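I am attaching a structure below and will ask some questions about it afterwards.
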């Protein structure tokens, strides 16, 4: 079993604000991330897949197929977007677009169509990590 | 003469849109950066000062004084902000908050109060660089 | 379950020397790290916590509370310190301040007061890693 | 139990081409990596070992012994080499020198002589990772 | 005047061998880089252009136009290539494909068509740098 | 004219303390760097040389000769050392081992024997930079 990790980047803006909380609670819980007009980040997404290398091709996954899948299902939805307004996961309210919730949204998007893109179960989605800054990273095993 | 470079980071959102241009021109010129609801970046600011080390202290600058100056004059104004709405340089229209214009705004802020903070001309502000992403950097000599 | 990793930095000096060994054994076992007057490193500490994001705030941990806890329990004790003389774990002899032992000391400090700082068990301390140089890293699961 | 990871680098060239496939299949499966005259990479190898620190020396492994072992068994075989022609694992045909197969070859080389170099089972080889580019990494648990 | 630097990457193989030298001289001068079957690198190319930001668009250069120009004139020629055989600058003999000579070849390619791609002299090509490894970099002012 | 930059690393400890100043002045000027028992850093030294590539070898400098020169004249003197006690430039008092003064000491060491190591003036020493941390760097042109 080999794990392949590929890295992708996108830039987006967000504001952390939960209407259920008071203004003061929002400021206390989210700090500067609650600033009213939003701010943004260069996110780094690492996608890890696992599998046994094909004995003939010597490959565990087709990197071009993986890139197309991530581009179509993640990058197109979030890159150069305002997450609060343009991402369907956050536009309707509910949890605010913290990087935790963004990582969960990305995992759900990947799992939703994974078996269509990789029907033979190869490779298997293993885990993702999402960096908001070089010093702040979230990891999530799949599924 | 020694040059000291210190790095600072801030996160902000912006949208590149020039009202003087047509919608189509805006899309052609700014591409994804023209997306209507904005996006954001982790900016990395490098500030370079130059001077002769003091023969007794062995220092070319007081790093704590430099950090306080950058914090007060740059970070506080731009960190976790929407540049189009909250930065005085861009809120009133004129040029859009491209990273070029943001670098120019930072240089002007630094030069405006430099002689108050470092009255003996030591250290001298030499240049700044501003990274929008790891692959896109702007440099500006001062003055 | 999501894992959040935050990175912290501190600079310290140490000398690897075990009085139980002969001078020659010390030199053979620790090499240049046994140089008599000590040397130092920029250490990078990564602290990983695990938990389920709060369904309302969308957060797995309060990053400010985590930073305060690490600052109080680790950074203040080791930053800009001589580990052999100023760190209580090593000042009294015993094992020398190898990065292995320093990582163990950091884990023990974190576990000692964790339940006071995060009484509801959220987040859980999952693992730490400590880099002595970019090419030499130690990882430790907790507890 | 502590895990120590050390990083090593080597530069090599390869061409991905499987004679069993047609020319068209080779181009489709390997893309630019199938270019007829080869290309190359700066590979980054991370070797992770695990063990309990010795209570007297405070060390989980002798880093110099580990470096000598990796130099002798991996770097000497692959650094500044053409993998298709000069690496015994690939010179005879079989699977092409994908980074997956190269990682497997490195693991086999390490396991083959591990117990001679570290006869007391300390440290234990835990996992390796091999980066072909900063955005493409393969991980393999051992054994 | 602002300088914009953008980074590009390509992977190539080469062998340093000068037929004018004896076998022994080749080994002494080029060391492991003279290994007979070649090796390779992940090259990182930084292209710096200089200009005055357009007062209306706020841009010093069109990044998409610059990317297309570098892709067409440099990346297509060298990425996933064997420099000794496939690069017209080195295929005919003469100086071997050292990174110095590769940097000179890139500069000449850029200058040759620059005025066609950027006819109004905006932006001006200022300098390039080419990294062979993270510890070995070549810089060249233009012209 | 091409500039070649090679990077070297060493680990050392120091304490910033100027006996000419009072205890209070030392604490105010040097902050945590004045802590009585010292601390340390992983220093990164970049050495830049300039020259015209040799038309036959295609090289601007012999990288092995440069490495030997830096190893002999800089690394051996400062790596795994206590700068206050073991470096001749600082052991006798005078200016404290700030990174500014360490960079000046390195430049003087390089210039002192440069013409013996590279008698034909090729390559010329152009500049050095010395990083104390990833966010704090000093540059010095030579001579």
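In this document, chain identifiers A, B, C, D, E and F correspond to the written order of the chains, with residue numbering beginning at 1 in each.
FYI, a residue touches a chain if its C-beta (ideal position, glycine included) is under 8 Å from a C-beta of that chain, and two chains touch if they have at least 3 such contacts.
Note that the structure is a prediction, hence the values are computed from the model and not measured.
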{"item": "Starting at subunit B, fewest touch steps before arriving at subunit C", "value": "2"}
{"item": "Steps in the shortest chain-to-chain touch route ending at subunit D and beginning at subunit C", "value": "1"}
{"item": "Equivalent interface to C-D, taken from A-B, C-F or B-F so that over half of the residue contact pairs match", "value": "B-F"}
{"item": "Cα-centroid distance, subunit D relative to subunit E, in whole angstrom", "value": "29"}
{"item": "Chain centre separation in whole Å, for subunit F relative to subunit D (CA means)", "value": "35"}
{"item": "For subunit B, residues that touch 2 or more chains besides their own", "value": "134"}
{"item": "Full enumeration of touching chain pairs", "value": "A-B, A-C, A-D, B-E, B-F, C-D, C-F, D-E, E-F"}
{"item": "Footprint of subunit D on subunit A - complex, ascending", "value": "1-8, 48, 53, 55-60, 62-64"}
{"item": "For the subunit E and subunit D complex, residues of the former touching the latter", "value": "9, 11-14, 32-33, 35, 37-42, 79-82, 85-86, 133-134"}
{"item": "Footprint of subunit C on subunit A - complex, ascending", "value": "16, 18, 20-21, 29, 31, 95-98, 100-101, 103-104, 134-141"}
